[in-house]
Amino acid sequence: MRDELQKRVVKGPDGVEFEVEPLKDYYCEAPPAEHPPAYLKIVEDLFNWARSQSLWILGFGTGCGAIEMRPLMTPRFDAYRYGVQWRPTPRQSNLFIISGYLSVKTLKRVIRSYEQMQNPKYVVGLGSCTINGGMYWDSYNTIKRLDDYLPVDLYIAGCMPRPEALLAGFETLKHIIREGKAEGANLYARNFDWYKANQKKVIHDWDMPDYNW
Amino acid sequence: MALYTPDRSQYPAALPDGSLEFDLASGKYLKLWQGPQHPGITGNMSLELTVCGDEIVHARTHVGYLHRGFEKLMERRTFIQCFPIVCRICVPEPDFNEYCYAQAVEELAGIEAPERARWIRTLILEMGRINSYMMYLGGQAGSLGQAVIGQWTTYGRDLMLDRFEELTGARIYHMFILPGGVRDGLPDGFETRMEETLREIERIMADVEDVMFHNAVFKTRTVGQGIIRPEWIEDYGVTGPNARAAGVVKDVRKDQPYLVYPELDFEPVSGTDSDVFTRADVRRRDVHVSIDLVRQILARMPKDGPLMAKVPNVLHWKIPKGETYVRGECSRGEYGYYLVTDGSGYPRRVNVRGPSYTHAMALLEKMIVGVNIADVAGLMVSLHTYPPEIER
Amino acid sequence: MDFDWMKIPYALLTLFIVVNYGMLQNALIAKIGARVGRRRGIPIWQNYADLIKNYSIRSSITHGVMYYLGPVFRLSGGVGLLLFVPSLYGSEMFSNLSFAGDLILALYFIFFGTLGMALGAAESGHPYAAIGITRGLQQVSAAELPMALAVFSVALQYQTLSVTEIVAAQQGGFQNWTLFTNPLAVAAAMLSFLGSMMRPPFDVVLAPQEIPIGPPTEYHSSYLALMQTNRAIFPIAKIVIYMNLFFGGATIWPEFFLKVFLIYMVSVLVGVVHPRFRVEQSIRWFLVWAVPIGILSIVLV
Amino acid sequence: MSLKDVLSPFTAWKYVFRDPVTIENPLRDRPGAARYRGFHKNDPELCIGCGTCETICQNGAIDMVPAPGRDPRQGDSALRPRIDYGRCCWCALCVDVCMTKSLSMSNEYIWVDRDPDAFRFTPGIDSKRWDSAELGYHRPEHHRLVPEHRPHMGELEPEERIGSFAEIVDGYTVEQARAEADRCVSCGLCIATCPAHMDIPNYIAAIRDGDYRHGLELLYRTNPFSEICGRVCTHKCETVCAAGHTGEPVAIRWLKRHIVDQVPYEQYRDVLAPPAPATGRTVAVVGAGPAGLTAAFDLARLGHAVTVYEALDKPGGMTRWGIPEYRLPYDIIDRDVDVIRSMGVDLRCGQRIGGDVTLGQLRDGHDAVVLALGLQMGRATRIPGSDHPDVRKAVDLLRQATAGEDFGTPQQAVVIGGGNVAMDIARTLARLQKQAFGTVRVTVTALEDFAHFLADPDEIKESFEEGVVILDARGPQAVVIEDGEVAGLKTWKVKSIFDEQGRFAPSYDETDEMIHPGSMVVEAIGQMTDTALLGEDLTEKLAWNRGRLQVDAKGRTSEPWLWAAGDMVRGPDVVSAVADGHRVAAGIHAALTGKEDQA
Amino acid sequence: MRALLDSLKSLYPLDDIVLQRPDLAFATVPAAQVRGLLHHLKEREGFTHLVLLTAVDWLEDGMFQLTYLLHDRARARDLGLRTLIRRDRATMDGIHDLWPTAATYQRELKEMFGIDFPGSPGVDDPFVLEGWTDLPPYRRDFDTKDFSERNFNHREGRVTHDPAAHMKRHLYPDEA
């Protein structure tokens, strides 16, 4: 058996050590790899500029916040003019907007979608629910802190955040990307075991229907 | 005129217990998942389709992606604490939750909202209905690839959201109708700005009619598609525009009038053909009814008067043992709250009856069989379902 | 015929101009479409950012060789189509690699991309891609029929299979354009054109609402960038054929740009305001409306 | 399907030639509406830290945290709400319920941050860019989630009550009491202000639940004089009541009374646990007023043998002898005292210390001695003529009235003083006049103006209703004596009472002179303690502070065996006396059980 | 409504009748009679619309209350039928043959309350939950807050103070 599939003890970013058994704990065949930025800074800067100007949102309305996506993409706010558009498939998207609370069932699909997205990829948490559980803080079926399960680049306060707040969030995100600080995908790859352990703690049923997405 | 009529006598084979057998290994059938991550699905749910060629032979609706356990959460919140969370049960038209919940609590607590509050509640419900329909129309056109309609109607909805914002203080979750009454009266000059908004929405609706409804391609795709058969109306508890488009002219606003509807002048809209086009058309015409109702309400509502009934200190509000069911006609059909109290400060049980519960589950699974893959999205949207009210 | 090696750099120059024009024109068209939707739309340079972004994606996964080759075929279809048809009539630099029988080759290239895509998308293993590609092939076949009929009609009319010669025959004033000399053929071809531009009502191939964008659903990063480049080239290349066959070709770049834009706008004009047909409905539509016109045009010639 | 269906869609293209409706700069051009429920604001000066916002928040989004630079004080916990925007849903229930209207919302709604822990802040304390936003949601005036008015309490009509000493107020009915108890938000700010730190929120909750026995149990935990305090407590708690900031404060005193009214008196003893086993220690208490009896009650329950010596023939102290019957019926006092007695307290009335029994004897016979003498001597104005026999002290008259002695009710009387005692004597005289002569002719002259009056507003209102004339800002100058008989009182208009240093030094407008006719002048300007029983030696030995016996925090005097409590130490106030009784009892218990150091 | 209730009372053992509104009544029926009565109401009395089917957990009594709410579209009136079944033997006959849509309700009740409806299509399939191992969540003895605290991480650093206790600590720490 390959080394990375052996049962072992790893240390998370919070310093806590825990045991993982990849064959049981992951449902992907290979853990994601870290990808370094381009060798030349000027090239990476150009790339980051392009990435910041071309935010493709995955069309996955995970919660209430999805309701504000339509105003965002329509005449009133017209996010297209800021280089934002939505894509129907995770392969082509580089921005995942977690629009509010995530039920455990959705979290599983979100993780799958997130892992299908390509590096670099960004996650924006929308509203109270992604920060600390929001109004569903005592619900048995929603996660409370998104950053336990996915690397989050940005949070936007509100319930729901208005389209204007989202646009402000995009501006901030662009700034972060241009500074080269939006390395969530690499963070995820680096702390994969930790994220997986957290995910596994709440998702008791790892079986995924044979989705075609 | 169908180019090709599949022969359904041979397959899929029926098992002895009546269920269908799909031998996926045969290559004859394909499992196709739509959603939850899928733009054609209204909201976060998923369809498990078994297709044969381009045709769906079996479908299963999967929900639960938005389940937050409202009914459980409300059992450990006081009556006033339930008020902010109920609106989250249905995102695009949250006000019906607020109304039904407030009305149910008032009924069991033996208080009555003041006259002016009841007018304002009606106003909000009709504004929300317009919004919901606008969103639906955009979605219906969008599901068939006509993006421009969604652009216009969302703009109209945005204008209405501005009115909501100035009236209620929020865009989406208004949290304005609370047990006992409403929070506040109309802001100054609201009527004028509302009239401007209504005119703009009427212009948009005229364009929608020209571009969407008088459209050969749209008609090709929708006329005769997705018919709800008469016997399904009762079998699957179909209500609202879905039923009215099938000729069942039942509208809670007329049949069991609530709030100030008895004083308003309107006729329920209905159709006969029960296909996707008729359902869309019923809703389009209903927008005009709602616009007219909003005008009537603004013209006739009392300008002064209390907005809240005398409620006890909400922190210790206890309601005697009892149970009731309060319904309203929301844009998708019958919306209802079944509230059981046990004399404590917390609801014993709240059950939310969203119209999508039956429309998107049993009815959709039934209707979708035999439909082309390309029509699934359009059919689903035409039932006008919002998943959060299914699983709550 | 001696092959003039200078044609190659000239052709590359054409390619360069067309790619950039295509990118800008796509953005402009998007802006026009947005305008109908009462909004502003993307910045005019948006496609460049998207392109660089896609090239800059660090990771990518592949589903096999054909998956790789899909976009390559598609792009070579577009490039080939462009390069074997003269862009500017009478210009030494921009006649590209045109030759006597180039019309037939062009017709082949129009199909070539779709076939390549079919292979690649099929390898991606995604059922939506498969469904999309099935629809695509069906629809392209149906749409090609009136186009082929129109081309026959034109070839019969001008008694040549060389695009250059067909253009030459149309010089000397707009009354010489095929548009006016053989309107039925143009009508059939333009109906086919609607069908091949991936715009409503004939975009059921992509249909994001039902089969999330169909064939390219699994494509990402550089693969997608390749396809995006093709999106800039291919429509223009196709329009160049139409322009040359039916609208008198172009002798200078401004004329080229204008005509390409206007012809493109025909599909936009229809596309922006319509929903889409189901695939069998569009096939029927081509058979009922476009094919008879095409046959009629041949008969009349 | 017609030709129209083919052509009509193209009308959409008209928009190409129209301006888009897109908002140019959504971040700048879209301020929230005037009522927008955006980010929270709080006025830290107005906020009292009652935590009602935290209670109502269904999201658990609010924490009450100490605000830097603020210390708790009466009516302000110095806590301020800290809001977690990882929980908040912007329902504004906290704003609606805010008892002071300090909490509101701005119309600002954009907050983006990388750090998920950043979304917590204390509005008004942590400065935010929306602190000065003018627009945003404020609770509309009419929108109340907590009722602002007390239910009306039944009381005797003035005509009816003036003729007798019957109790004026009815007390709440059960419905009224529930309604009033319902108004309490259970913040508990009042507990600190109550001298006895009674568990006010919980006994009010007991009323809401109808669990009066539990309520009574809670009352007895901190106050064995609930019957008395339920009627005549100075209810300082109500001055800090959170409900009082935007409405009427909760009628805490009446609610307390309601509990004792509701529990049948026979059950009182069942509510109380039996006293602890006897310790063999003995304590003597001098004075059967609230302080002395409270100390006796506590000590007896702790198992000590307590003997109470009372000079007068009935227990109760100033509550009996100083407060008129129409405010506090005497049988009420008996009820409270009987419960205390049932704890094993040996109450000996008519035993004046210094006569048959001396303080020295008490010292020798007991492990500790508590002095709870009260303030039973009236202070004199010492104005000319005030030594006349018909110039009387209010406390003396009240004592005589209680005892039923006839002190010669004057046809017309003038009262000097503006406190509750002045009102008590004025209204007592008014009743006696009504009974004797049929008309009320009492004039009260107070130094303070109405804006700074010392007596309770209720007292003033009821006095007026009963025909008492109250003149504010009048400084007494001389008693007018004609033919050896008191004829009235001469007063000047008061310009100010205190000098610039804040010392008592009234200045008068001599041109505004009035003569108030009356055949009796009553001085009601304050009381003091008769400390004669201490004897000279002890008086010498003890430490004094401004004429009051000096005691430590536990009530112990400079003589270790001698403790002091009540009005003589704290000044006149029933509930303070009760609190003092507890304090001294706790001190004695600690001393007797040798836990003094640990305590 | 009164007339209807009276006539029903003569046919079925109705109990605990509450006329909540002129157009809404509730009544309790023994579990064995439910199907018969529903059938009667649907076929004879015009109550053709099944509005909802849900349950109430009376944990203290050890009973589940099932509520069948029917609507008579023609006369615009509602009738809620309650039936009590034992919590420890939570099984009930399905009504999916009367109303096919009831299967969905029954599936939900099975999952959220643990009430079984043998023979109801798909009743054992998970409905909204996935991988659920705890008590059925709508049961009263399931504590959602406790579950949430055990199962999910909440953001640390939250501390609150009780105003009364805080004031006591600062203003009169030594007193009772």
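Before moving on, here are some points about what is shown:
Which chain is which? They are A, B, C, D and E, in the order written, and residues in each are numbered from 1.
By definition in this document, contacts are C-beta pairs under 8 Å (C-beta built on N, C-alpha and C of every residue); 3 or more make two chains touch, one makes a residue touch a chain.
Note that the structure is predicted; figures quoted are calculated from it, not measured.
Chains that touch both chain A and chain E: B, D.
The greatest centre-to-centre distance from chain B, using averaged C-alpha positions, is reached by D. Chain centre most remote from that of chain E: C (centre = mean of CA atoms).
When every chain is represented by the mean of its C-alpha atoms, the one lying closest to the mean of all protein C-alpha atoms is B.
Taking each chain's centre as the average of its CA atoms, chain B and chain C sit 43 Å apart.
Computed from the mean C-alpha positions, the centre of chain B lies at a distance of 23 Å from the centre of chain E.
Between the CA-based centres of chain D and chain E the separation comes to 49 Å, rounded to the whole angstrom. The geometric centre of chain C is 61 Å away from that of chain E, both derived from CA atoms.
In chain A, the residues that reach two or more other chains under the touch definition are 59, 74-76, 78, 81, 88, 105, 131-133, 135, 137-142, 145, 159, 162, 212-213.
Residue positions of chain C touching 2 or more other chains: 34, 36-40, 127-128, 208, 212, 272-274. Within chain D, the positions touching two or more other chains are listed as 9, 12, 20-22, 58, 84, 86, 89-90, 116. Shown are all chain pairs that touch, namely A-B, A-C, A-D, A-E, B-C, B-D, B-E, C-D, D-E.
Those residues of chain A that touch chain D in the complex are listed here as 75-78, 81, 125, 128, 130-135, 137-138, 145-147, 152-159, 161-165, 167-169, 171-172, 176. On the chain E side of its complex with chain B, the touching residues are 18, 20-21, 23-24, 26, 48-52, 54-57, 67, 69, 73, 76, 78, 80, 99-101, 103-104, 126-130, 137-138, 140, 142, 144-145. The residues of chain D lying in touch with chain B in their complex are 1, 4-6, 8-9, 11-12, 21, 32-37, 52, 55-56, 58, 89-93, 96-97, 137, 140, 142-147, 179, 182-186, 205, 208. Residues 58-64, 66-68, 70-71, 74-76, 86, 88, 90, 101, 103, 105-106, 109, 113, 135-136, 138-142, 159-160, 162, 209-213 of chain A touch chain B in their complex. Residues of chain D that touch chain A in their complex: 20-23, 26-27, 30, 39, 58-61, 84-90, 109-116, 119.
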